[in-house]
Amino acid sequence: MSDTATLLIHCPDRPGLVHDVTGFIFAHKGNIIDLQQHIDPVENVFFMRLEWSLENFTLEKSEIYDRLQPMTRRHEMQVGLHFSTQRRRIALFVSKEGHCLYDLLARHEAGDLPVDIPLIIGNHETLRPAAERFGVPFHHFPITRENKLAQEAAQINLLKEQGIDTVVLARYMQIISPAMIAAFPNQILNIHHSFLPAFVGAKPYHQAHERGVKIIGATSHYVTSELDQGPIIHQDVMRVSHEDQVHDLVRLGRDLEKTVLAKALWWHAHNQVLVYRNKTVVFG
Amino acid sequence: MSDTATLLIHCPDRPGLVHDVTGFIFAHKGNIIDLQQHIDPVENVFFMRLEWSLENFTLEKSEIYDRLQPMTRRHEMQVGLHFSTQRRRIALFVSKEGHCLYDLLARHEAGDLPVDIPLIIGNHETLRPAAERFGVPFHHFPITRENKLAQEAAQINLLKEQGIDTVVLARYMQIISPAMIAAFPNQILNIHHSFLPAFVGAKPYHQAHERGVKIIGATSHYVTSELDQGPIIHQDVMRVSHEDQVHDLVRLGRDLEKTVLAKALWWHAHNQVLVYRNKTVVFG
Amino acid sequence: MSDTATLLIHCPDRPGLVHDVTGFIFAHKGNIIDLQQHIDPVENVFFMRLEWSLENFTLEKSEIYDRLQPMTRRHEMQVGLHFSTQRRRIALFVSKEGHCLYDLLARHEAGDLPVDIPLIIGNHETLRPAAERFGVPFHHFPITRENKLAQEAAQINLLKEQGIDTVVLARYMQIISPAMIAAFPNQILNIHHSFLPAFVGAKPYHQAHERGVKIIGATSHYVTSELDQGPIIHQDVMRVSHEDQVHDLVRLGRDLEKTVLAKALWWHAHNQVLVYRNKTVVFG
Amino acid sequence: MSDTATLLIHCPDRPGLVHDVTGFIFAHKGNIIDLQQHIDPVENVFFMRLEWSLENFTLEKSEIYDRLQPMTRRHEMQVGLHFSTQRRRIALFVSKEGHCLYDLLARHEAGDLPVDIPLIIGNHETLRPAAERFGVPFHHFPITRENKLAQEAAQINLLKEQGIDTVVLARYMQIISPAMIAAFPNQILNIHHSFLPAFVGAKPYHQAHERGVKIIGATSHYVTSELDQGPIIHQDVMRVSHEDQVHDLVRLGRDLEKTVLAKALWWHAHNQVLVYRNKTVVFG
């Protein structure tokens, strides 16, 4: 992977924004590799993703953020700055179903997912062997109604100790409480096994079968305090038939869940996702 | 089109049903062209669609239904009997948007939709020129809160006079009242511009934009007394992006609406749709 | 539609290109609405599409191209400059099948295709009534082996007289000869009824059925001197089954052909397509 | 899994075939669960898949095939007879890329692939650790131009010893020689990383990138003596963009390869695939 920096920016629109930002890059001998910019004409908001090569860049990585401040303040910009060499550190949360876990671990091993995965957390022991096969430490945090808050506090400590920046709920069948959400704002990815906003909550495949839909879906979104209401990152769907029983939908849907979550995580890890209000801009 | 008959059957499952029905066909020298049969193992219901050639069949069309009675009574079968030579007679209901109307009329003219379209009903005059271009009589029934029931009664009379058996709501922006639904049970097809059950009711594209979904959809269903809750016949979806404004979704969605409605009507016209409870079995 | 200008640029990559171009826009008080830029790292080529509002722009439209020259020469840029107010003038070429023609005319009438369609050319009289229904002049140019070159010369004259800039082959079943291609370089869109490069040439649905594929496709591309080998603009596919005969593929495929051609034309008309070597960059 | 038997039949069409076969089932107290039958009207061939419950069936499994003989001979039927309790025994052939292997092993472990996988064969040692993680014996058969035939003979012996009935080439980058094909006719599944018949042979993603296609695909087919020309079981596709380099296509395509191969193997393992000439009938 080449040595690049990425800016994710949104701010009120006005003339000259692109010129200003690219002027900063050019002044320090950066070469822009990829730039995508558009305006929301209804909200009058400017959105931009800009990635540039650091090969001949004359600023140190550690200086860049501070040096951007005068410009970002002047334009009231919200800015995210990321470096390709600084890989995301991911914690995978699992329960009993292993399809998303295996899928992510196999992608990671094949070099198709440029993140670090220092640990896996399970509320059951079921997937410890899967974690161990891939040499990733597995931490068991059994959850009961009584211990839930204490266990989550312990999880947060562990995540912070390990320098985790992103949590992936890989079919973790627990509702995340506010403390965890506050500790990782827009950094917790969930996979919901329906085409949101259809079939919110429990047993979406049962709901889908009951309604007689002809297509099922899966949705990856950032977790917010409202269940299944966070900003959607990615969705995909699959055709089903009247012959498919609930257990068929469950089985077929796993392929959607795996690929949708992996794709969302890919975009997140490549700093292609910008959250604005309760939606995402995914720079493709 | 060849001269065939089609049976659509459902009943409690028991051994020998296929053998019994095919025995009836064979005894009268019919040749089966297409047979699809399956069991719902949870409900223990038998579903079958059977189409056979009438070329050497020894019964008159008019005799078949009566001659089937002993068997269908014995097995408590619900039976639909249709003949390929007896084309569906369709009334198209429209409002102001013409994309579904043009699409269906162009398919019909090209010979791709083997139905008769003796009339078009509009609650506005907007699409009269479109109807006239294709030589189909256009009837204007302006609807107000006051005249709605009276106008629908007049519509039902017109449809009955014209021997209409199927009503297609081709973006007809009125809620159909119970009398019409009762007059054409499971014979009124609607196209809803969302992926049901997401975004029921008015302005689904606005709702979709507000929620920030990454995929939009369209759904064709039979109209029942509950708004947008009838048995789903067909659905399809399309990927959209954060750059698409509501008016883009409206424009893009028209392609879905056209093809989903046309496909549902194709299946309906070919007697491939069986309604059971609030779902459809679509024999593909 | 708002009053905007669009630049499509490619050139050898070097630092500062975006800054230079956006500097030109900013210096004349333009506001950028949409900018997409990327590098081909293998070829080291810079690609950009930039659209800006002309509302407060201080240059006349007629001046812009000349004033860009110093910059474009300095960077060896290939530049296309387009204005939203200058609608494309399209000639539709048809033969006997009307599905693409009706589809484009209905979109146009609904305001979904912001182009002018001053004329339709047919090598048969079959679709004259369709053209007349929508009030578009229809010109009949019967083609034989003997008169082909003379007829194409007459067609070119007519197109030039009418100020046509884009030719759309809407299932026009004739091979276009070099003079026409030279007169409209990368301005002739074709729809081929297969998933290119599979099933080049005649009767692609027959070829697809013979091979037993499970998916059929359609491809819209710019016409070049090699049959079905031009730069691909858009493709789409549809699942089929072993029960589909050739005539079913023909019927089903029409929906693909219509939507793929309409989408390609939409992108072309909105100046979102840049041709580089024998490929397209479609700025989505 | 319930105890069922499945018949796959094709023969020249004539009246009474369904009645005859279902009469055999009914006479021995079988209950039909699923029946699909259609005619190819061009070739006048009858195709049928019939699955019935053996719960109260009065014949032993071992008797059924012989007892069918009078009927199948009378109608010149080609018949396949399979039992749900007799799971397919699969050998996975791999080379260096593990994505299909991991995908199939994870599905198998999750109970989503009702087959036995007694062994994995690799022409490299690369994936031995992957096999060992899932506890499946790994056999290394290094292949050179000189030893190829001898190694394949040894492979065939091993497969026969182990009672293997199906070979799955899970990105095995070797051409299979005629002896192997003859030993497992229509029982060797391959995954080709293109949308066949486009991009036959080596490096299909390079070919796709060179041609500038907007969609890539994967195809699973039975292996025959002509390279990439065998009967197609399943295909799927994915949209790509001009920004995707060859290595992106390789990475993205893996998701297609995994799901297409797994789906084809699912249908094969459930006796839903009938080969006729060089095509498949997939009873969905």
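Labels for the chains are A, B, C and D, by order of writing; each one numbers its residues from 1.
Rule of thumb we're sticking to: a contact is a pair of C-beta atoms (placed from the backbone, for glycine too) under 8 Å apart; a residue touches a chain by one contact, two chains touch by 3 or more.
None of the values given here were measured: they were computed from a predicted structure.
Student: Looking at CA centres, what chain is most distant from chain B?
Tutor: A
Student: Answer with same or different: of all residue numbers used at the interface between chain B and chain C, are over half used by both copies?
Tutor: same
Student: Per the centroid of Cα atoms for each chain, what is the distance between chain B and chain D, given in Å?
Tutor: 37
Student: Any idea how many Å lie between the Cα centroids of chain A and chain B?
Tutor: A distance of 41 Å separates the two centres.
Student: By residue number and range, which residues of chain D touch two or more other chains?
Tutor: 38, 41, 241, 243, 284 - these are the residues of chain D that touch more than one other chain.
Student: Which bits of chain C are touching chain A when the two form their complex?
Tutor: For chain C paired with chain A, touching residues are 13-19, 22-23, 25-26, 29-39, 41, 56, 284.
Student: Could you list, by residue number, the parts of chain A that touch chain D in their complex?
Tutor: 34, 97-99, 102-103, 106-107, 109-110, 112, 133-134, 241, 251, 254-255, 259, 262, 284
Student: Touching chain C in the complex: which residues of chain D?
Tutor: Per the touch definition, chain D meets chain C at residues 38, 41-42, 195-199, 211-215, 217, 231-237, 241-243, 245, 278-282, 284.
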